[in-house]
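These are the structures in question, set out in turn.
In the two complexes that follow, chain A is the common piece, with chain B as its partner first and chain C second.
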Partner chain A sequence: MSSLSTAVRRTTLYGILAAGALLSVAPYLLTLNGALKRPADLLSTDAWIPAHPATFANFTAVWNQYGMSSFLLHTLSVAVLVTIGQVVFSALAAYALARMEFPGRDWLFWGYLATMMVPQMITLVPLFLMMRELGLVDTYAGLILPTLFGTPYGVFLVRQHFRTIPHDLEAAARIDGANTWTILVRIMLPLSRPILATLAIITFVNTWNNLIWPLIITNSDRTRVITVGISALQGEHVSDLPHIVLAGAALALLPLIAVFLLFQRHIVRSIALTGLK
Partner chain B sequence: MSASSRRVLAATATSALLLCLTTACGSSGSDTSSGGTVTLRYAIWDAVQEPALQKSVAVFEKQHPKIKVKIELNAWAQYWSKLQTQMAGRTAPDVFWDHVAYFPQFSQQNVLADLTPYIKADKLDTSIYDPKLLTGWQQDGKQYGLPKDWDTIAQVYNKTMLEKAGLTQDELGGLSWNTTDGGSFVKALQKLTVDDNGKHPNEPGFDSKHVKQYGLALGSANGQTDWWDAAVQNGCKLQDKAWGKWTINQPSCVKAIQFVQDLRLKYHVAVPASVTNTPNGASLPQVMARKQAAVVWDGSWDLNAYQSSMKGNFGVAELPSGPAGKGTVYNGLSNALYAGSKHPKEAWELVKWLGSQESQKIIVSQGSVWPGIPTLNKDYVAVWQKRGVDVSAFSKEAEGTTVGYPLTTSSATYNVKVQDAFNQVWLGQQSPKAAADSVNEESNAAIK
Partner chain C sequence: MIDNISPTKTFPGGDGSRRHPAESPPSSTAGHRRGRGRIRATLEAYLLLAPSLAGLLMFLVAPIVGVVVISFFDWNLMGTPRFVGLANYREMMGDSEVWRAMRNTVYYVLLNIPAQTVLALLLALAMNRKLRGLKVLRVLFVLPWMAMPVALGIVWSWAFDPQRGVVNQFLALFGVDGPAWLSSTGWAMPVLASVNIWQYTGYTMLFLLAGLQAIPESLYEAADLDGAGTVQRFFRITLPLLRPSMFFVLVTNTIGSFQMFDTVYVMTQGGPGGSTDTMNYHIYQQAFQLFRTGYASALAMLLFAVILLVTAVQLLYFRKRTIYDFS
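Up next is the complex of A and B:
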């Protein structure tokens, strides 16, 4: 009796899990499937009908004719630079806000954190005007600067983690003659690897997927990133190039998967850590 | 770093930034003029038209060695938000595509340059344009753009399905409808509508829940490709005058809306709204490619989409006539000159070139849009003739009774209100009168 109810419970549980997995994975599979279809089949068959015959022509077209190779390269360099910047500056700011004593520290922190509540759309035009005054419209600096020095989210994430590291560790290091810089680099950062990896991957993915800021700040193919490149292919009423859009989207997905596979061990660990608290 | 040196650094950085902000340091990244060469920025939203425009621009650059043109492509969905942000930052492109839905707002905000002085100075012959197109870009005697192209709505049909039903293109284009029994238009659509058992809607035993193929598919976010056209055919005016008030709740309009609803809910000859309602429903070319419908009402801008999915197995017939005769929505785009351009003279040269016979001939050869100059219409027909499709129905309609895309400062409000209300009408959840009344009132309240 009890083994039967366990079986029923298991089946229900796995059923729900499978449905959840299907819902999250299906859009990606459908994109990939659509990208492999011939243009004529794309509109005439339902999305879940397998691509048959499958073709790579869409990928070669998107790569060669529509400049996606250079857009990918632009996106990659922007995302890597922003990620490095965010990890470095978030760690510095987080340490100051978590451990250093100075007047108004908590006010500063909560004030900075509060800017997270302001939607991006509100600051879009003022930010654009600032960049214009600095002469950074349509430049890589204009793309990178606004998020290079960290975001409230990143600082918050790392600060909260720093606060879980025992004070005694630091005190011990100080007795051994370590200064603040040494403590940060030799003690705090090595202990925070999972959280820094999480920050890195979140930043990378966000930067990679960001559409609205690159759209506003860049104008030419020289600085164009992949999201803007793909969205530009959509028409007013209906895209005449749906096969190209899908192939572009599938192509843009690959680097993200690579980054995730590279960092996933750390992410799983950071989640496990937060669970231990 | 000592505390004092840190303070000095902070002060220097702050003052440098302030200095920048007050004196506009650095070049703005655009409008680079080096060695007398001027670079113009030209914003467009259609990737399909870009190759032809590149060709045209290349010829322009050859004729004007001191002017370079950079085409900036952004999709319709992002084009306007980007353009408006750039205008707020006073760095909008020198020349850009303008749409009637945005034109009134732009002309009010003084972001469009008046072309009249340029036209006078260059003695430009504007009679080459269709007066209906040219005047659409005027306000208070000022010309805010030169016609780039035009579009009308016609019936795109599946050749095989039409043949099977024993109909010809001429017959399809010669149909008429009325509000009592639907007229010959509904009769033809009944022939084209088949349920799973092979029965038609006018036969006993027809199963409206299991229809294999519908006669017609309609879909539009604002009415341009469905009820606006029916409205013109019923003698309805969408506005009392250009730049005036909306009048879509007068009886002639409501009856036309009712007829469009009847096609789905009473006659069962049109694809249900649950499939075609915008913005998440299937697009018209998609419905046709899946063989769910034999005929659609669609704009000439979608011809390339039908060509890529149906490969010549489609034709174009005129819209049916209604109680008041024939009629279609006639609309177009213009090339506008940005009022804040740092190189207005060179930008005008570009606008002038893009509106010229020479440039429009290059654009036409690609077959994506009808030219702004009507004498080139035959060239466009010839391009499609080569692809096996007779598209002349669009231009015949343009010469007949037409209504322009409504000119109003309330476009943004109207577009939001109409979609929700009319989606409900097509689903049978709201009466045409109630929807027309509410949209009319709310849109008129938004007129500035």
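Up next is the complex of A and C:
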């Protein structure tokens, strides 16, 4: 094969991949561009024409007048708490399931696996009724509790990783007199940082983006999270205030993107490993 | 059951034998757990498991039992539930809206999964080369995965707007007069599917790429010596060895697709003319807008049964053709 045709093929490949990459980021760019336009410009110019002069008025409006600042704060606190809970409690349970021998272990493990396959929608009605009985509708506790203690997915993910850590390390520590807690904190967790980070990221993204549970369990601005806030904006104002809706969407999208770009090397590698370990 | 599939076992000379050393713990630790030690270890284990187990029982197991029970009742969330036996299930059988929602869901899955899987595979093959700049591209391709479906739904609705939307403006450059995408019964569902394909192709690509990179180079070298062409290499080596990864992405993506909700909720609300009314959206409406709790629970059981069936079929199909490492 001549070097010329190799060069042509390589250029074609790059071209296609670059087009795909552009397609991947285009919606973000369009959102940001639209959010920076003045209302009149947004309606009169094509979507891809850059906003000029760019204005931050839409952002200040959604932030101040439409309550986005408090929605974002609610979302952030919920996502942080759920993520911490998921990582801590999944790691504890995973250690027991991966490394300890006790009656009922295999039954429990299969129980975790089985519940992993249950679709979310199925549990919503009873979950809502339970929360109503407990008086937790429209509270932070109602938003957070269902996933605070970890999910079967989280337990499973960490367990699979724990099982790859050599037993000799644990045995040596036992001989030195270390107890279960010391082994977990001093040996297992430090060796599991990548998988715990993966779990944290996946949990954070899922909680941040979750719509349906907050939609059902909250009904006031006191607890409203950003997904619900935005879909309400969309429902009420999309025809008359598209610039506000777009600024809200940008505000919801950008923080996660920032987190992603900050940790991208780690995230991309760990996601690729997640399912196949 | 899904995640623990390791590709290593299929490789000749792979290190499968020492990959899962935890199968039976070595005797050094077993000896310590006799008599009182054993009771203590059991107590410790349950102590570690307690929070997670409590959460699982309360927020997953109890609701699953609950939905089965509620599906035999007629209840509008107020007043006293009335036991109606199988009436909800009988009504469901004759409810044309339910079957339309089921058809819509299956249609969505069929639009979404094959296209997304093939695209992701092509992308992964292209990415699996040692070329400059691919790492940056990889990051860009994964970016859609993080997108909040609600926010993106708004942006997509704007992009597919017949007059102001970027899609039709783009088509107009080529003299094509684009349709009113989201108010067309024929186009609305393909648009929703494309949104999902856009969002998850890069993410799926990552898993397939990981699978590709686990295939030993020596196999390809041996194939080269035997004079195998590109096509043969793909069908004889790459595809068979990629099966575990394929299995994983197909099963998890299919389960996910059956539960699509956010995009429908924001972009079409089931319309136009019920053409995007999926099972999940239909259940939501019955339960939380019409307050037909019992009926919605029966529908949830139907959706669950269908998902289980489809997953089981995929499992059987792949099981015949792949050696797994279930641990």
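Worth a mention:
Keep this in mind: the second predicted complex is superposed on the first by the 248 of 277 C-alpha atoms of A that agree within 3 Å, B and C clash if a C-alpha of one lies under 4 Å from a C-alpha of the other, contacts with A are read in each partner's own complex, and residues count from 1 in each chain.
The rule is simple: contacts are C-beta pairs under 8 Å (C-beta built on N, C-alpha and C of every residue); 3 or more make two chains touch, one makes a residue touch a chain.
Quantities reported herein were computed from a predicted structural model and do not represent experimental measurements.
The superposition on chain A brings chain B into a clash with chain C. Chain A is touched at more residues by one of its partners, and among chain B and chain C that partner is C.
Of the two partner chains placed by the overlay, chain B and chain C both lie in contact with A:Ile216.
Touch criterion met: A:Gln234 reaches chain B and chain C at once. By the document's definition of touching, of the two partners only chain C reaches A:Val155; chain B does not. Contacts of A:Pro39 after superposition: chain B is touched, whereas chain C is not reached. By the document's definition of touching, neither partner reaches A:His52: not chain B, not chain C. When the two complexes are overlaid on their common chain A, residue A:Leu124 makes contact with chain B and with chain C alike. Residue contacts after overlaying the shared chain place A:Pro166 against chain C, while chain B stays out of touching range.
By the touch criterion defined above, A:Asp138 reaches chain B but does not reach chain C. By the document's definition of touching, of the two partners only chain C reaches A:Leu253; chain B does not. In summary, superposing the two complexes on chain A brings one listed stretch of chain C into steric overlap with chain B, and the stretch in question is 183-191; the others among 129-137, 147-155, 183-191 or 309-317 show no clashing C-alpha atoms. Shared interface residues of chain A, touching chain B in one complex and chain C in the other, are 43, 46, 124-125, 128-130, 211, 215-216, 231, 234, 238.
Those residues of chain B lying in contact with chain A across their complex are 20-21, 24-30, 41, 45-48, 70, 72-78, 81-82, 85-86, 88-91, 93, 283-286, 289-291, 299, 301-302, 304-305, 308-309, 311.
Partner chain C is touched in their complex by these residues of chain A: 10, 13-14, 16-18, 20-21, 23-25, 27-28, 30-31, 34, 43, 46-48, 89-90, 92-93, 95-103, 105, 108, 111-130, 145-150, 152, 155-157, 160, 162-164, 166-167, 170-171, 174-175, 180, 184, 205, 208-209, 211-212, 215-216, 226-227, 230-231, 234, 238, 242, 245-246, 248-250, 252-253, 256-257, 260-261, 264, 267-268, 271-277. By the touch criterion stated above, chain A contacts chain B in their complex at residues 39-40, 42-46, 124-125, 128-130, 132-139, 142, 211, 215-216, 219-220, 228, 231-238, 240-241. Residues 1-7, 19-22, 25-26, 28-30, 32-33, 38, 41-42, 44-46, 48-49, 51-56, 58-67, 70, 77, 123, 126-127, 131, 133-134, 137-159, 164-166, 169, 198, 202-203, 206-207, 209-211, 214, 244-245, 248-249, 252, 255, 258-259, 261-262, 265-266, 280, 283-284, 287-288, 293, 296-297, 300-301, 303-304, 307-308, 311, 327 of chain C are the ones touching chain A in the complex.
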